[in-house]
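In what follows, chain A forms one complex with chain B and a second complex with chain C.
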Partner chain A sequence: MDFFIQLLVNGLSVGFLYGLSAMGFVMIFKSSSVLNFAHGELLALGAFVFLSLHSVVQLPIGWAFLATLTGCFVLGFLIERFFLRPLIGEPLIYVIMLTVGLAAMLRGLLLLIWGGNLRTLPDFLPAWMDIQSGWLRIPPVYMAAILVGVLFLVLFGLFFKYSAQGIFMRSVADNQRAALSLGVHVRRVFALSWGIAALVAGMSGIILGLMNGISVHDLSAVGLKVFPVVILGGLNSISGAVIGGLIIGVLEAFTGGYLSPSLRDVVPYIVLVVLLLVRPYGLFGLVEIERV
Partner chain B sequence: MEDTLLEINNISVVYADVIQVLKGVSLQVPNRRIVSLLGSNGAGKTTTLKAVSGLLKPENGRVTDGAILYEGHPLENRSPEQITRLGIIQVLEGRQPFKYLTIEENLRVGTATRWGKPYRKDLELVYHYFPVLWDRRKALAGYCSGGELQMLVMGRALMAHPKLLLLDEPSLGLAPLVVEEIFRIIARINGEQQTTIILVEQNARIALEIAHYGYVMENGKIVMEGASETLKDNPDVKEFYLGGGGAGGPGAYQQPKSYRRRKRWL
Partner chain C sequence: MRKLRLHPCGNYKESYADELAIFSSDYGRLWSLAGIAALFCAVPFISPPYLLYVVNMIGIYAIAAIGLNILVGYTGMISLGHGAFFGVGAYAAAVMSATFNVPFLLSVPAAGLITAGVGMIFGIPSGRLKGLYLTIATLAGQFIIEYVLVHWEGVTRGTEGITVPAPTLFGISLRGDIRFFYVIFAVLALMIWMAVNLIRTRYGRAFIAIRDNDRAAEGMGIPIFSYKILSFGISSFYAGLAGALWAYYMVSVTSEPFNLSLSVEYIAMVIIGGLGSVAGSVYGAVFITVLNESLRWLTDLMMNFGFITQSGLNMAPLREFAFGLAIVLFILFEPRGLAELWRIIRSSFRLWPFSY
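On to the complex of A and B.
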């Protein structure tokens, strides 16, 4: 039983990170129907920039964190502005192929600058995050993952539900032509969703890096894991992305703990295939409201 | 005529660089009046509206010739973001609500052109014109009826404080009673809010009822224009758009030969 709960906690905390990065992915998809294949690279980029800001530039942790997040946001904004905007109006497959190219480019750039070795981030988490009660122990990184996950989900939930900009973003996802006719700045919404997605990706990159050390290949592989997560949760549901992330995280932890660590990466996909047979929209995907 | 708010001079519109839809359309919209644009399907009414509102661009259409002057400023081929901020809002054909947003959220999107300014008063105004929306304000738009949705999209446009409102077929697919109610409200908005309105309609009878002036379009050209009263009495308009009148009167089909009146303007 102890082992079970320990696995559950580990799985949930990793799941929050998957959910967070999937959320950014879903946001881009919802507003502009683009599948972003460069998501894992954005994760890795966040982690490496943080590493350099901390250990090379020697910024204090807090500032390094803030600077990384701001940098990621700006980068997402710029990617939209310079790479995606010229392709507005072109067939979607061009845009998707562009993100594949962007992924290759970013990965090359990361390898060029930081090399392919595994690096470790300094452990900076405060001691109070280390929770130990009886047999249950939650290491600080896992605690941080849970806290950051919950915090960001609540923040974005409120943002989309109540803020004007959040409502504009949802209106563009819903009916782009109508949004345009009311003067919603559709291109700004696209840029904003890329910015937010990159920010959230960078954030999950940092924490994943704290957990397992950072290497370009490992972190960009997490980008691929976003796919079972979002398809499980439904491609256009942000809360679905989070719950999908939690499910995949827990599944991985249990497979690793009870079956064999080498099956960890396979089981999510098996579950995915089975689930798609039953619910092709994903667990929380939009079922079309159809008026007959 | 009174001062002109919008003047369209001889514009041509081409889609995808090859398909010419408008061939020299000119019209004038006086300030604070309702001008209705009549004509059959494919005549170019919607395209004319889109040329004004800038929504041609995302559909790969372009104004190739002529000029659109709004308060003296040229509008041709400017982006919808700019044009809406000048106070021109188009209400699209077929309603187009944001299905997964609630009624009130839908209305809030209408404030996009003046983002960050207070909007409580405008919500009250919209609920005053369309009390049904107040009752349904927490409901998802996707689950509302056609009449409610038409009111919703008109209310959404009102939230933007339009000076010029472009209404594209507000009566489409609605029950006659609802149509009457909606047109009554359009006339009230025009009178009380001083909003200038261009009204595109298939339902010529009710459109001419509330409009001050009318244009008839066919094949991408304006073929007739005049004050609503004049148009209503015109035998050609009667025959082709109002039904009845003209050739033979009632029972024309029972006569051995029923001649279709020739369109005089062609």
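On to the complex of A and C.
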């Protein structure tokens, strides 16, 4: 029983991080229906920039954090401006392949600058985040992940529901041409969504790095694991991303614990195939039925 | 002897047969024959061993890239699992020849057929999914196949790999680059011939109809599910055949090469070469292989400079960067690829001095 609970807790906390990483991904999909294969690299970029700002430039933690997030936002903006914008209206395969190419470029760049070794981030979380009640102890990293996750969840929920920009984003995702004809500034929507997504990715990258240390290869693998998570949760549901992340995390932990550790990494994809056959729009996604 | 036709200066086609013709002028046919003759008679003897190895790799990749182009360029389904199918073909051939002593002539097509079967299984999701969702399903297929290749140790011998015995064809032992050159390029020529003609049949036209508008295709009575599965099967057959040749050529087969980046490389070949063009797949295979080899050469060269090694800079990631950059630049500036560039160059010569 102890083993079970331990696996459950591990799975939930890893799953929460998956969910957190998936948020930025869903953000881009929700506003522009682009699958971003470079998401893992954006995660890694945030973590590495933070590390360098802190350890090389010697900025204090708070400033380093703010600077990283601003940098990520600007980078997302630039990526959209120079790479994605010329492709508005082009067939899907070009957009997907562009993000694949972008992923290779960013990965090459990251490896060139920071190398492929595992690095550790400084532990800067305050002591009050370390929660201990009875036998259950939640380490500060998980606490931070939960706090950031809930914060983003609430912010995004409000943003998409009430703010004008959020409603524009949803309208663009739903029907680009109709949104254009009604006067929505589609290009600004895309730029903004990439900026926000990169910001969220950078943030999740830092938290992931706090937990496991950062290496380019690990983080880009997480970027691919986002796919089962978002399909499970529904491609355009941000809370679905978190729940999908939790389910995938728990599933991985149980498979690793009870069946075999090597099956652990492939089980999300098996679930993915089955799910795509049975319920392609996921648990909380928008149901679009088209039988052709 | 009939008169040789030159290119007309406009579109003067009078019958459907003209429209379907592969070569629009007899000079095209002559040039192709001359090119094939030059390839078979001259290239293996004048090129140094390393270059011949590169040429052979181009041939193998081109076969698989044509297969992927049938799926992506003609049927409009994006697959990120082509590298894994290539691996299935390689393992099928290796297992057949190492464990069961199946002769070369039988094991290569059999490997193609096995891969076609596997491809059709992973094509089943296409019955309900399209676009993004199908791409993600094939991505999952890539990871699942990779896992099976590593962990089905009874057959694939896991990470240890399989050593393929030297094949013989009609009593001649196939070892050495020159003999393999003939085998690979004979298969490539056959496969190009098959692909070009496939596109002209009702099957090819059905694929194109599905790509252009699947609802209209269904409305016109094309059973699109079975055609999509067929497209997956044909595409994987090409991949399996190429994989089998690769296994024999490389002698030892391990699961490492068949990862996601190989699949991405195939997609890059098809896009850089030109979607929906058989010749384009070959151009793409040439481009990517030459790019890979020249980047390898360049990084090796840079490693030899004292100051770079001393500063501890690892140049290997530069390859990945340049590879990504090539994909991005092609998509941004010539999304229809090298085939389109070649067409523009040709037509500007033909229409000179009134080219536009």
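Everything below uses one rule, namely that the second predicted complex is superposed on the first by the 273 of 292 C-alpha atoms of A that agree within 3 Å, B and C clash if a C-alpha of one lies under 4 Å from a C-alpha of the other, contacts with A are read in each partner's own complex, and residues count from 1 in each chain.
Keep this in mind: contacts are C-beta pairs under 8 Å (C-beta built on N, C-alpha and C of every residue); 3 or more make two chains touch, one makes a residue touch a chain.
All values derive from a computational prediction rather than experimental measurement.
Look at A:Pro228: by the touch rule set out above, it reaches chain C but stays clear of chain B. Shared-chain residue A:Ile5: touches no atom of chain B or chain C.
When chain B and chain C are set side by side, the one touching more residues of chain A is C. Using the contact criterion defined above for the overlaid structures, shared-chain residue A:Leu277 touches chain C, although it does not reach chain B. Residue contacts after overlaying the shared chain place A:Ser171 against chain B, while chain C stays out of touching range. Contacts of A:Gly89 after superposition: chain B is touched, whereas chain C is not reached. Once the two complexes are laid over each other on the shared chain, residue contacts for A:His185 go to chain B alone; chain C is not touched. Chain A uses no single residue to touch chain B in one structure and chain C in the other. Remark: chain A residues 33, 35, 83, 86-87, 90, 92-94, 96-98, 100-112, 115-116, 224, 227-228, 231, 235, 262-263, 265-266, 269-270, 272-273, 276-277, 280, 292 touch chain C in the complex.
Against chain A, the residues of chain C that register as touching in their complex are 72, 78, 124-125, 128-133, 135-137, 139-141, 143-144, 147, 151, 214-215, 218, 224, 260-261, 264, 267-268, 271, 275, 313-328, 331-332, 335. By the touch criterion given at the top, residues 53, 55, 58, 60, 80-81, 84-85, 89-92, 96-101, 105-106, 108-113, 115-116, 140, 142-143, 153, 156-157, 160 of chain B touch chain A in their complex. Against chain B, the residues of chain A that register as touching in their complex are 89, 164-165, 167-168, 170-171, 174-175, 177-186, 286, 289, 291.
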